[in-house]
Structure formats: structure tokens, C-alpha cells
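Below are the C-alpha cells for one structure; questions will follow.
Labels run A, B, C and D following the written order; every chain starts at residue 1.
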């Protein structure tokens, strides 16, 4: 009962969608954890085999999801809790973080389109240290261990004429970070998850996902250094909303929808390039950028 | 075949929706005009009687719609054509514009939420003359006739603690304009119309419409001077999208949808406060603000 | 040794300038306080008589200045200390704050000109309660005492065609607050004080001061309710910088500068409408807006 | 009569300053041109020898200055004239522009500091073609000749941790443009020239100039391709203002200033990192960015 391709950048949702249709999925393991006090739910989806990757439509690797329903409430203490949980997960997944390394954080997306501005927002507010360490050495920081942190906002292809990947690769080769962290806005399947979910993975970023179409693959293979991706679903495809509502309805009525499905879908053409966002997307993306920024600063211990 | 209330601020769409279900509508007249060269379609919906008003769910008065599919293409000459057509319509509907009058243009909406920023954007870029005329007289302008133009951006209730209407009314009583023009972002029913349609009416603005909920009635009755409203649909309710796709499908298959409709709708709860916008909403609203701003400047002949 | 009129909105600097030239000043009392731990210096200048007012070029009333050299360092804890000190001073000067009152906070200035955006920034981030109290009553807040707080950003005359005073007065008459608090960017005499000083007074705002020229008097006399002014010097007049450097030099060399002073000043014409700001003015104004906003929220106890 | 080093990025002002003190300067030729109708003054300073370079404190090469007193008036037709004049000059100085080439336009500076945002503003609004030509070929453009234009906004070191030069060099090596054009805000000596002057040179950008300190040398030597620089003075150093006023005065009075000069300068320390800008800097920089952007689009004939 598919026909219409579910569009989601969340491994978690891909997994759910498979369960709905087929039950178990070999080569994919799932682990869930729930923090009672903070109401943060953590799900680790590990795609262990090529078969699992094929079934999921995503490369092999680890995908960690933090969900917190109240993520965008204006409650600084709660944000702090989420940031700390996120920092903990980041420290486990960033290779070499226990030593002194050089980290480049890349903010993908278009700073002038609200739902796509997450990446630029995070990098804009990060504590940057590389130039200080290079000029004054570690002594400037009065600490045992200081990572060299740099930040890059490559912009989108329509405004640069270049693939984000070209820009990042050029700067990586010139400044030689040990690891790259890319932050990006994602598309989800369910409006429930918008701006309430953070996904971390060690597989980098792959073309054709995300809000816009602003990249070729940004991965260890293409850049030559490990790439950690942090993403937040900020939009749902408008066609996905309709398709999902329809499927839900058909299931409820027990009808066999196959025949009319195609007709429905042919009518969705005008929803191309249309997205569903919440009314407060501007405010919510500011909040969540803040959470991710604090988590990165905390993971790097540069403050 | 309704059940789900169609939500649209466009008289044009209300009219279409009535035609679909019931055919003719007494007390409502419609006039269409098409500019071959510029591909601008102009529709005048006149609600002439109380019955018509009841059927349409909108007050008696004139509603003029300009539709231009290429409205948000970055083509300055074409924008100029639309602006001139709009200026022509404005000159016909603004009472007293043939003499020298005092006009207050009010930009409703939230400047920090892209899809709601149309009003503030327009007023930000308008040619303002009232203070110049008051200080230096008409001589400063080297013209026979100069309107006194003032601009007000009241902000939204969540940020001011006051109804837009309270603010506008206070300022109107203090500065005594002859006519008020309010500019606002609207909700449409069809994504086809987003950022491609401009509606002018002489009925003011009524509560419960629009993107946010930022007002009590702003009308001749409440303000004491004529109120012209200029609106552009910038969002579609997410629930409307689903409901419309569903109705279209049912019509195609010839099924009787009444029974399952309710179940569908009960599943739409999570779409509350969700809106559909195009990917380029930021860019498009900048373009269309520019068109309206130029049309107002041109209608006022203050340039 | 004047000739060139010192331009400052700070009563503190006016006082210093008088001391330099003439020593004691009757009708003006000064009280200083220094918080050892936080390095905050508090100066109260009280203009007690009409003679004092004439000498100072400022109306009778209280002027409280907080100075903190590290005010714009990115140190949240320190900002908290300044905010609390400021809140304490505000509670002493806002009439009726010990009961339940209705307070309108007005952000003067131009949000599109960095050095003039202080007022709009503060109001943008304030906790607004008036509409909640009106709709749900105090119960919504779970507190014994809740002030009704509203916020207004009138804009500048070049963009509205109206005096800020007209707009404020209209809205005051319509919404009837018990007290008005105006926040505005000021001009200082010394670059040392830029973005490091906050002045509170109970005399309102008077024309011809400040960064731009955006107002007639906004005072208890004109509005009919008490007006508290909060100001921060964000610019120094370029001509003031030159004049001050010159005077300093003349004092050092013991020369009699009177004769050449005029010639110097005639050369300063091209500095008209030129201002001196620090390189980080954008960042610093964000910080200091935050401090004032927190102080107001804290004084109102609406959080 | 120097002592205090004049700080200016304009070759034109450097030349004037030398004339004041010493008259003729060998190795430097100057050519002036005045467009009667448009009131645009064009000055070409050519530094022809190493001696000239030493005297001027600037590298050998061509420096072309356009001055237009009304540059920031809101007059679109006049802007068009300046853009066309600027385009003409650009076509003469950009090597290879008569054939089909690949051009990278780099916007230096900090987009969050008004006076430093010129470069980012220009690149933000440029017509970018490289990705279109690469994907669809020239046919997409319906023209004989199409340049591949790309745009880069590297950001400032405090926010990236990297030298602008490192970023640019990395991207140049990866995307291989034939020529690089850098746009940047400059410091002038005279407030008269602020936002009314555009300088083009074929010498690239050298450290220690400009508003901030955001670069190492960006030149043909360091990048491996020709570098054209476009700059606009948007600030004057506060210390320069004082020093200049002082010199002017001393000349008028015929005094011998040497002895007290040092004392004056020692008092200018607090002006460190202070800049003089006009009240309307935000508006003016928007206007002038627009002019430069149009001139580049016109020179590239990509529209």
C-alpha cells in the first residue's frame, strides 16, 4: 500500500513506515531509551547490513534520535537538559573527541528561508576557537585541552553557483580539520515531529534529502575525514500530509484503496514544492538552534 | 458536501466553492476581465444584499481580485504592469482620492513570521509625506496636489498586549486621516493562488480571518472613516489541503463520502496551526510587497 | 570655555561638564554608590530647583545612572547582576508598582538603524501580559499580583509621517495605562560611556535629544500619566569628539584657546549628522537590550 | 607634519595627502575625468614604480575612483547611470571579459555589522549562473556568450576561525575560476567621501586595511588568478577625524604644532576601535550595494 513514496529524512520514521507495512526488518536494529524526568526519548537505529540499507533507503551507520515534545517551549532550564543529553550523545559519536582535535562545523541551508536556516543559525552562534589557538596557543584558554573549532556557512547553490560539497571540500583541504560536523534542516513525514526531534548520524549527508536540494554527498568518502550529521525536521512535504491522511482513512474504513490512489496522487501535482510548517516556525527554529549550539559548545568544552 | 468548513479569505474562492455545491447565488454579482497582453485576470465580486452576505460569509461590499500567475517572477517590467493595474483599481475604490486627502496605510501582521510579514513590508517601503506637508506645506513637492500619507505598523497582540484595532483607533482619533488602507496576509483555499493573487475590498477587515488572529474588526463602523483592505493569500491551512484533495477524489470516483468524512476530519487535529507555504515564500513575499507598495505610491502620485 | 555646545543626553555628563567649568552647582544634588563585587557604579543626580534645571539644560527630576565597564562582555551571570540592580532602581522609581497596575512600555527609535534600535529591541523581547489578563484574568498566572504589561513600537517620523508623541498619546488614551515607560538610545559626550551606561529618569523624554529627531515631548504633561525614561548612550556626536580632544589638548598646554576655537568649529560642518560608534555596536546593543528587557521583566515580576 | 599616520584605503586620498605635504610624487600618475551631465568624477591613480608604491603605501597597479555626491539619493535613474559608468570601468579592468570566462565574486566583511556588510549584500543579490551553465549548458541562456558567475561570502575570522584567504583559496582551487572579484567596505580619511565613492583596483586586497581585520592578502600572488577589488569607504577612523581637524586648525593659525601633537595623540587612545559613520549608513549601504550589484550584472551581461 505504498505507491506514493514516503519522503522523510528521519531513519526513525523510515523504520516506523516499514513496520506498518512489513513488520520486522533484517539488518536494522533499534534501541529505545526514555528519560522519565525530562521526557526525552532516545532511539538508536543501527543499519548493520547492505540489505538493511537497501530496505531503509539510507546508508549503513548509526542514527540517534532525541525527541522532546516540549522542545520549543521558552523554558531555558529544560533547553539546558536537552542540550546536555545531546552533548552526551555527540561525545560518543564524534571520533577523537577525547583527545585534542580540529573540528569544522558546517551550517547547510539558506539563511533567508526560515525553515532552512537552522544550519546557519547554529554556526552563527558557536564558540569559534581555531584562530585563537593558532595565534596565541592553548595558554589563552587556561585549560588542559582545547579543540580547534572552525565554522563554515557555504550557502545554497542558487546563490553561490557551486555545490556545497565543492565549497566544503575546498576549505577542508586547505584547513585540514580532523572531523566535520554538518548541521541541516530535514523533512519529516509527521507534523508531530516538526521542531521537536534532533537526529545525529555518522553517515554524513546524502543528495536529494532535506528541505532544498543544496548538496551532493557530504561524507567521509567525499571529504576524506569523518562526517557527523545533525538534523532537525522543520518541514513536511505537502503531498506527504495528504497521502498520509488518506492512508489512515482507508485503513479505518477497511477499503481497498489501490485503484483510486493513483487518481489522488495525480491531483497532488500542484503541491510540488509546497511545505507544511507550524505557525511559529520562526520562533521554534531560533529555540532549537540555540539548543544545538549549546550542545556543541558543551561537547567541545570550549566555554 | 461540506462538513469541513472551507477556510478562505478570498471572496473569489468563496464564490467558487458555492458554485461547486449550489450553482447560482442570489445577491452576489460577478464580473470578470482579462488583460490579454499582461495575463492579468481581474474579478469583481459584489455582495449586494444581506442574503448574499450570509451565503458568502462575508460582509456586503466590493471585492476585486487581481490574479497573475507570473506575479513573483523576478521581472521588474512585469511587476510594473501589475502595479499600474492595481493602482488603477485602487484609484476607483479609495473615496476622495481625486481631491487632496489624508491617508493612513496600516500594515497588519507579524514582521518576524515570513508569511505574515506582508503588511509591515509594504508600509516599511512606502513614500510617507504627512510630516513633510505639515512642516513645509505643499510647496516642498512642486505639485498641484499632494496627499498626506502616514504609515502605521501596530504589531500583533502577542507582542503588544493590545488589539490592533485599539492601536489603530487611538492613532486615527489623534491624527484624523480621511481614509484608512489596511494591508494584510490572507489564507487561501488553493495553493495555486498563493502569492499570485491580490484582493482589494471596501469592507475593511473582520476578525477570525487571516494568518494569525491579530485583530478585532477594522472597519468604517469601528474607526469612523472608510477602510479599504488590500490582502494577499500567503498560506493555505494544512487541513484545507487534505480536505480538498479528498473531495476531489470522491468526486472523481463517484462515491458518497459523507460517512467517512468525519473520520478523516477527526484525524486532522494534528494539523491545527499548521500551514502550507511554498519553498520560496520569503522571496515571493518580498516581490509582492514591492508590487503593492509601488501601486500605492502610484495611486497617491507621491513620487 | 565653552562656545561649542556640549551635546549629551546624560545628566551625569552634564554635571561633570559643569564641574569642570564652574565647580558647585546649586539646585542639583549628586549621590554616588559603588557595588564593590559587581563593579557597578550608581549615580543619582537630582535636579531640585528651576535654577538647577536651567543650569543643567534638563527638567527637574531624578536621573539615576548605572555604569558597568564590562556591561557588553558576553557573560550571562554578570548581565544577571546588572539586570537585578536595574530592576531594584526601577521598582523605586515606577509609581504604583507595589500595587497592581497597567504599564505600557514604548520602544522609541528606528529598528533599521543599529545604533537607534535599542528601544524596539527591548519591547520585542518583553513579557507581554495585558491581553492575557484581559481574556483569562489573573488566574492564568497563578500569582497574587499581576501587572498588565503592553508594548508599543511607534517607529520614526520619516517612516510614519507622525510624531511618536501623537501615536503614543492616541494609544494611551485608548488603552489607559497607569504609567508609561519609554526606552530610547541616547547621545553621550564620551566614547567611554557608549553601551556601558544606563540612565533612568522620571522626567520623560524631551525634544532635540537622542540619536535621531524622533519626537516631541513625551512626558506626564503631554500624556497625562507618569512617564519613566530608560536610555542608553549608543553614539557620540562626531563634532563632540573633536571639540573634546581639542579642549583637553588646550588644557594640557596651558594655552588660551578662545580665539582659534571658532575657526576649528567652522571646519566641523561636514561632521553634521555624523556619529561615532564602536566597531561592535551591533553586538553590544543586542546585549544591553537583553539586560534592560530582563530588568523590566524582573521589576514587573511577570515571569 | 604627520606623526599621526593617516589611515585610508583610498589611493585617491593617499595621493591628496602626499600633495598637501610634498607636492609632486614620482612613479605615480593621475588622470581625472568629469561627466558633466551625471556629475560623476572619475580619477585614475596609477602607481607605476616601486618607489611610487613605497611613497603611497600601496602596491603597484591601477586604482580607479568614481565619486558622485548624490550616490545615495533614492533616485533609481541616477543609480542606473552610475552603474553603467561603473560597468564600463569594470569591463576595462577585468582580464578576459571579452571572451567567455568563469568569475568568482567574493563578498568580504561581516553581514551583521552594518558598515561592514557591503560585500555580503552585493553577492546576495548578484545573478549567479555557474550552476546553470554546468547543468544545462549555454542554451539555457539564449545568448552567444555566457560567463560562469559564482559567489562566495566567506564570513569574518571571529566567526569562522579561518582567514578569509584560506577559505577563498580552498574554493578557488576546487572550482577554478579565471578571475576573482572581491567586494569590501573600506576606511576613508574624509567623511565627505563616505558612501559616495567607489574604488576599483587590479591589485587585490592587502592586510591591515578596511573596516575590520578580516584577511590576509587576497591577490594574484596568493590565489594564482587575477584579483580585482571593488571597495567603498563606509567608515572613517575616529582618531583620523580628530587628527585632521587639528591639522586644519594649525594650518589656519600658522602655529607650529609639532610639540603638542604627541600629547593630542596620546589622548586619542580611547578612540581605538571607534568609527565615524553617517546617521543613514544602513540605508546608504543598501543603495550602494544595489549600484555595484547592477554594475557587475551589467558588465557580465548576464541578464
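Methods note: a contact is a pair of C-beta atoms (placed from the backbone, for glycine too) under 8 Å apart; a residue touches a chain by one contact, two chains touch by 3 or more.
What you are looking at is a predicted structure, and each value in this text was computed from that prediction instead of being measured.
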| query | At the interface of subunit C with subunit D, does the proportion of residue numbers present on both copies reach over half, so same, or stay under half, so different? | reply | same
| said: Which chain has its C-alpha centroid farthest away from the centroid of subunit D? | reply: B
| Gap in Å, rounded to a whole number, between the CA centres of subunit D and subunit B | 44
| query | Once you find the CA centre of subunit A and the CA centre of subunit B, what distance in Å lies between them? | reply | 37
| Euclidean distance of C-alpha centroids - subunit A vs subunit D, Å | 40
| note | So subunit C residues touching two or more other chains come to 112
| request: Write out all the pairs of touching chains, ordered by chain label. | output: A-B, A-D, B-C, C-D
| Parts of subunit B lying in touch with subunit A, wherever the complex brings them together | 112-114, 190-192, 211-212, 238, 241-242, 245-246, 248-249, 252-253, 260, 263-264, 267-268, 270-271, 273-283
| query | Quick one: in the complex, what on subunit A touches subunit D? | reply | 123-124, 128-132, 148-153, 155, 157-163, 166-167, 169-175
